[in-house]
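Each of the next two complexes has chain A plus one more chain, namely chain B in the first and chain C in the second.
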Partner chain A sequence: MLACLLPALVLFAVFMVYPTVNVFRMSLYTWSGFSPDMKFVGLDNFRHLVDDDQFVRAFQNTVTLLVVVTVVTMGMGLFLAAIMTRQKLRSRNFLRFVLYIPNVLSVVVIAAVFSAIYDQNNGLLNSMLRLVSLDSWQQVWLGDQKVVLYSVGIAMVWQSLGYYMVLYMSSMSSIPEELYEASGLDGASASRQFFSLTMPLIWQNLRTSLTFFIMSAVNLSFVLVRAMTGGGPDSSSEVLLSYMYKQAYTNSSYGYGMAIGVVIFAFSFLVSLLMSRATKREPLQF
Partner chain B sequence: MTVINTPRPPATRSRIGRVLTYVLVIALALAIAVPVAWVLLASLKEKSEFFGSPWTLPEGLRLQNYVDAFTDAHMGQYFATSVFVTVLGLVLVLAVSVPAAYVIARYEFKGKGFVELLLLGGLFVNVNYIVVPIFLMLVDWDKALVDVFPGGFFLDNPSVLSLVYAATSIPFTIYLLTAYFRSIPVAYEEAASIDGASRFRIMTRIMLPMARPAITTVILFNFLAYWNDFIISLTLLPGEGKTVQVGLLNLFTAQKAAADYGRLYAGMVIVIVPVLIVYAFIQKRLIEGMASGGVKG
Partner chain C sequence: MRKSLAFAGTAVTVLGLLATGCSGGGDSADSGKTTLKVAALEGGYGRDMYAQVIKAYEATHPDVDVQLQISKSIEDEITPNMKAGKYPDVVVLGQGRKAALTETLVKDKAVEDLTPVLKTKVPGEDKTVGDKLTEGIVGNLNTNPYGTDKTYLMPMYYAPTGLFYNQGLFEKNGWKTPATWDEMFALGDKAKKAGIPLFTYPTAGYLDSYFFALLADVGGEQFYTDVMTYKKDVWKSANAKKALDITTKLLGYAAPTTVGYANEQDFTKNQQSILDNKALFMPNGTWITGEMADAPRADGFTWGLTPLPAVTAGAKRYLTTSVESVWVPSAAQHKDAAKDFVAYLYSDEAAKIFAKSNAIQPIQGIADSLTGESASFYKLYEDPSVSALVGGFASTSPVEGVDIKATLFDTANSIISGDTTEAKWQSALNEASEKLRQAGN
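The block that comes next holds the complex of A and B.
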């Protein structure tokens, strides 16, 4: 019977465990990839990272996106989920269907959609601003160093809002209706009910979603940046994984690239751990 | 935003709140639906129609863009590659994960705790982190086999891409299936084994049909992951053969430079439509599966 386990374990070991171990191992070497000379340099790669302005920038960008996208998506997702479950909207199922669509689209498609939205001259966004006479708000959305990161962030929110809304809806819908009726009779407003009833009761679900946010912000920002901006202009939208990719393939510094990979691993792991510690509460029952 | 603190008669208060809610939710739904619908419409436009306002409707049902995308931009060929890679990946992942999940759910063996822990850890390893070492490993294998396959075997091979997809989704797949197998009462298997059924027969004839909902969920999530992936296929298929996503990315770069968008939008529709069709059919199950599994790729 154990033979049934073998193929899965072999595949898993060869294509996941071994490469993961290799990320750590290679981060201690300098190596241009295809040449045979691979030199052990210990922690040198990590030491260089601190002085690497581009890396620092990529790190800051990742953190900014992580914070902004998490706060916005979580806030909007919670709010939407609350109205979708509390108020019996007539077209609820249809709305849920539409809002979830971006989650099934590929990142390349999203990148292409957003470049149509952001296009400087013929884009949907700028032409809409012209239409409502807010001409001064027009931007070169993907070409301006100050704006580009937030343009990417908006695409990330657009992509994942429906997912988190559905996630929160599923835990909110299991809260018994009597609790709302009782607190309504006691005179609690809708907002009071939301903060004193809904939020504490779905707290565990919120905590889990924080881990999803960290993992998906790191990954999604990378694929979006790769397809939308290539990290530009002038590396103002570079994120950690895209910088790692660049070092590995474009610059052929595989060891250095993998050191960045190790930092991302450690960073996401630590942040998840801290978040989970900070948000720990006694689970509430209903 | 439905919060209105000044006391009002309850009826008015809830009506204003309701209207505001509707306006907001509809605005958001439009922000998602309009760009997608716009892509569909733009794919029917002629080159000259892309200048000026982006809000004009196409002049007619012009399908030339699709013909161009399918043939000139090779999207038809890439589409076939994507279908092949996705289907093979799904077959492979199910072939190895279903038996493994069954064994983990039902049998005690030495080192089981370790295996489970390892697979659980695998849930946290995103492929984006390890795509570089996987690529280098395949390069090495190709070097080692250069006498047998001078042109290389592992890179630029859609079947190997399927294998990598399958391997990297094993943790998620086994995790979900094991949980489901455990929720099926053992009584069914005991009854079957009293009737003289072999273990293999029990697995294929009793457990598999009962686990159908979990298997469907797994297929859906993995379908979306394989079909929508572009980083792995960009890395592992560096040659002429491409998946639709990488093909679309190239089309995207080329058409933007040439300011010729029709073909690009047709290409996008070709990539979107299969996913939307699948989604429309299975949305209920997808959302249920998400709520129970709660795993994001």
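The block that comes next holds the complex of A and C.
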């Protein structure tokens, strides 16, 4: 048995365990990333992090994005999946296709699409607001420090929504129709059916996808921020990974960047653990 | 069990070979030739000029085989190999790039001292490289990043940067380019009445061509050097306050679209506002004419470039000069051949090829051969009241979380949007400067 697992274990160790351990090791050094001069500084890099306002801001931005984007994507994904599964919509397949499309687009394309949507002069969003006489709602979507993070968040939701909707639709479709018929005969409304029947029966799927989404959202926020705002204006949309990149590769502080990497690792691990604990339920089967 | 272990071992070996690259190396020691690896950034000047220069060099150096690696993101391509210990011999890449590879190697003291190249005779010519270079182009913080008399980054191409505007619009309205800041703000008020904001910038990073000249205008070259070398409390000085006062006032005249478009995706929209007469001035470099060559423009549009206004009438005005660099990594395999190649880059033969692609080298007399827009830009250096300003912040050991260029330039976005104040800006600059001063070399 062990012999069969060995190649996979070796590959796992070489490409996963070793680089991860190396990140932890490098976080204890100051190093530019090139020279042989590596200086062991213990936990100094982590001490600097506490006093680094930019890091704190990037952390806050990451947490805000994770909370907002997760709640909106998961909530809308579940809602749309329930509607598309339970309601006999004629255009169901078309809608599913349209909502899924963003998931296969390159992030650079998404950044370009949203750049056009958010254009302060000729963008789709401000033009629509003007059309419905909501001129006062118009914004400089990528230039206002109070708004820019949510602008990036909307692009993240648009990119992810279809994938999770399809995922939940497939889970919901496998719930036997008789259960809904029986609950309908008992007088359960559609919303009651959703919360008392659908949700408990897809709960395991929901748990797994939540953890998966949080991990991917950390990565997606980095790529979108790099492409759309570069962390600006004036670092107001900086997220943990983009700040780590800047420190490691632009500010020649590779060790410090790795310390940020360790924080991201610990943070992701902790959030996953908390999510797993908080959503633990006795599995229901049909 | 043994079979499985052997299989696993083979698999790891094969993967290891794949990971490290299975090529046989590529040094042409067998043929007796020196293989010189040259890595260059494919900038606005294109790639053909490098191929031609290399061809000309190889024709006179049959014992050297020059391998060119050129790309728009050359840093991303050479960095992995450099981390694995495989360095190019010559790198044509300036400072101020996002990946900051040149700055990183400078901070690491991993760049070869090229001072001897200045005294080397240009291959095939009688003059030394130093003799051919324009006066004042070496010996500044750009070429001598440690503030010593040793040159590590050789100046490769140079371009004046300053405030770009539409000459046609000025002629139409009978406006003159302002010579002092008072005239500048008076013009701002006049233009405002005509519905045109005074100022914009592509991204805040472009303010380097504005700020460096302003600092020298306000306090002279010594003050500029003090700021660039992080003199204690330099940002608390009256001159620094004056520079920030002027900038804050100028940012009050910024086009309302500036901050929203000041990102990687949309910066050309800010540049377009100059072409559309929706802003009067923007800081930029001479490459802007090529970059926006195909963009639509207002009737009668002609690119104009002016140095920053002086603080007092008749005072010296500075033109921040963007200088791209060529350097040799300390870990390069063929340093001598690399230095010879670098010296050749300043030959008349090479300079002619580069100039055909508008890549102007800081060689005496070369600007005289220019025509059209380029000629008018480089002519600014002939104005006795205008001085070229080369350089930038001095290199120090890296300080975690401190990027003084970001603090100086990016905060302009927050000043425009009202998210911070001039006092906080000054305080943040002083703090960053002090941390870098303490880091030293």
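Operating definition for what follows: the second predicted complex is superposed on the first by the 268 of 286 C-alpha atoms of A that agree within 3 Å, B and C clash if a C-alpha of one lies under 4 Å from a C-alpha of the other, contacts with A are read in each partner's own complex, and residues count from 1 in each chain.
Basically, contacts are C-beta pairs under 8 Å (C-beta built on N, C-alpha and C of every residue); 3 or more make two chains touch, one makes a residue touch a chain.
What you see is a predicted model; the values in this text were computed from it and never measured.
> After aligning the two structures on chain A, examine chain B and chain C and state clash or fit.
They clash.
> Give the label of whichever partner, chain B or chain C, reaches more residues of chain A.
B
> A:F195 in the overlay: touching chain B, chain C, both, or neither? Say first, second, both or neither.
neither
> Now for A:L105: first (chain B), second (chain C), both, or neither, which partner does it touch?
So A:L105 only meets chain B here.
> Does chain B (first) or chain C (second) touch A:N45, or do both, or does neither?
The answer is second: A:N45 touches chain C but not chain B.
> Of the two partner chains, chain B (first) and chain C (second), which one does A:F212 touch, if any: first, second, both, or neither?
In the superposition, A:F212 contacts chain B only.
> Taking the superposition on A as described, I'd like to know which of chain B and chain C A:P7 touches: first, second, both or neither.
A:P7 sits against chain B and chain C alike.
> With the two structures laid over each other on chain A, which partner does A:F55 touch: chain B (first), chain C (second), both, or neither?
second
> Let me test your reading of the model: by the given contact rule, A:S253 touches which partner, first (chain B), second (chain C), both or neither?
So A:S253 only meets chain C here.
> Let me test your reading of the model: by the given contact rule, A:S115 touches which partner, first (chain B), second (chain C), both or neither?
A:S115: touches chain B and chain C.
> Could you look at A:W137 and tell me whether it touches chain B, chain C, both or neither (first, second, both, neither)?
neither
> Pick the chain B stretch that clashes with chain C in the superposition, from 60-68, 114-122, 132-140 or 168-176.
Answer for the clashing stretch of chain B: 132-140.
> Which parts of chain A are touched by chain B and by chain C alike?
Touching chain B and chain C on chain A: residues 4, 7, 11, 14, 33-34, 111-112, 115, 119, 227, 249.
> Where on chain A does chain C make contact in their complex?
3-4, 6-7, 10-11, 14, 30, 32-35, 37, 45, 48, 52, 54-55, 111-112, 115, 119-121, 140-145, 227-230, 232-236, 246-247, 249-253, 256
> For chain C, which residues are in contact with chain A within the complex?
1, 4-5, 7-8, 11-12, 15, 82-83, 98-100, 103-105, 107-110, 203-204, 257-266, 269, 398-403, 406, 410-411, 413-414, 417, 419-420
> Along chain B, where are the residues that touch chain A in the complex?
Against chain A, chain B makes touches at 1-3, 5, 17-18, 21-22, 25, 28-29, 31-36, 38-39, 42, 50-55, 95-97, 99-100, 102-104, 107, 109, 115, 118-119, 122, 124-126, 128-130, 132-134, 136-137, 139, 163-164, 166-168, 170-171, 174, 199, 224, 227-231, 245-246, 248-249, 252, 256, 264, 268, 271-272, 275-276, 278-280, 283, 287, 290-291, 294, 296.
> Mind pulling up the chain A residues that touch chain B in the complex?
These residues of chain A touch chain B: 1-2, 4-5, 7-9, 11-12, 14-20, 22-23, 26, 33-34, 79-80, 83-84, 87, 89, 95-102, 104-109, 111-117, 119, 122-124, 127, 158, 161-163, 166-167, 170-171, 189-191, 208, 212, 215-216, 218-219, 222-223, 226-227, 241, 244-245, 248-249, 254, 257-258, 261, 264-265, 269.
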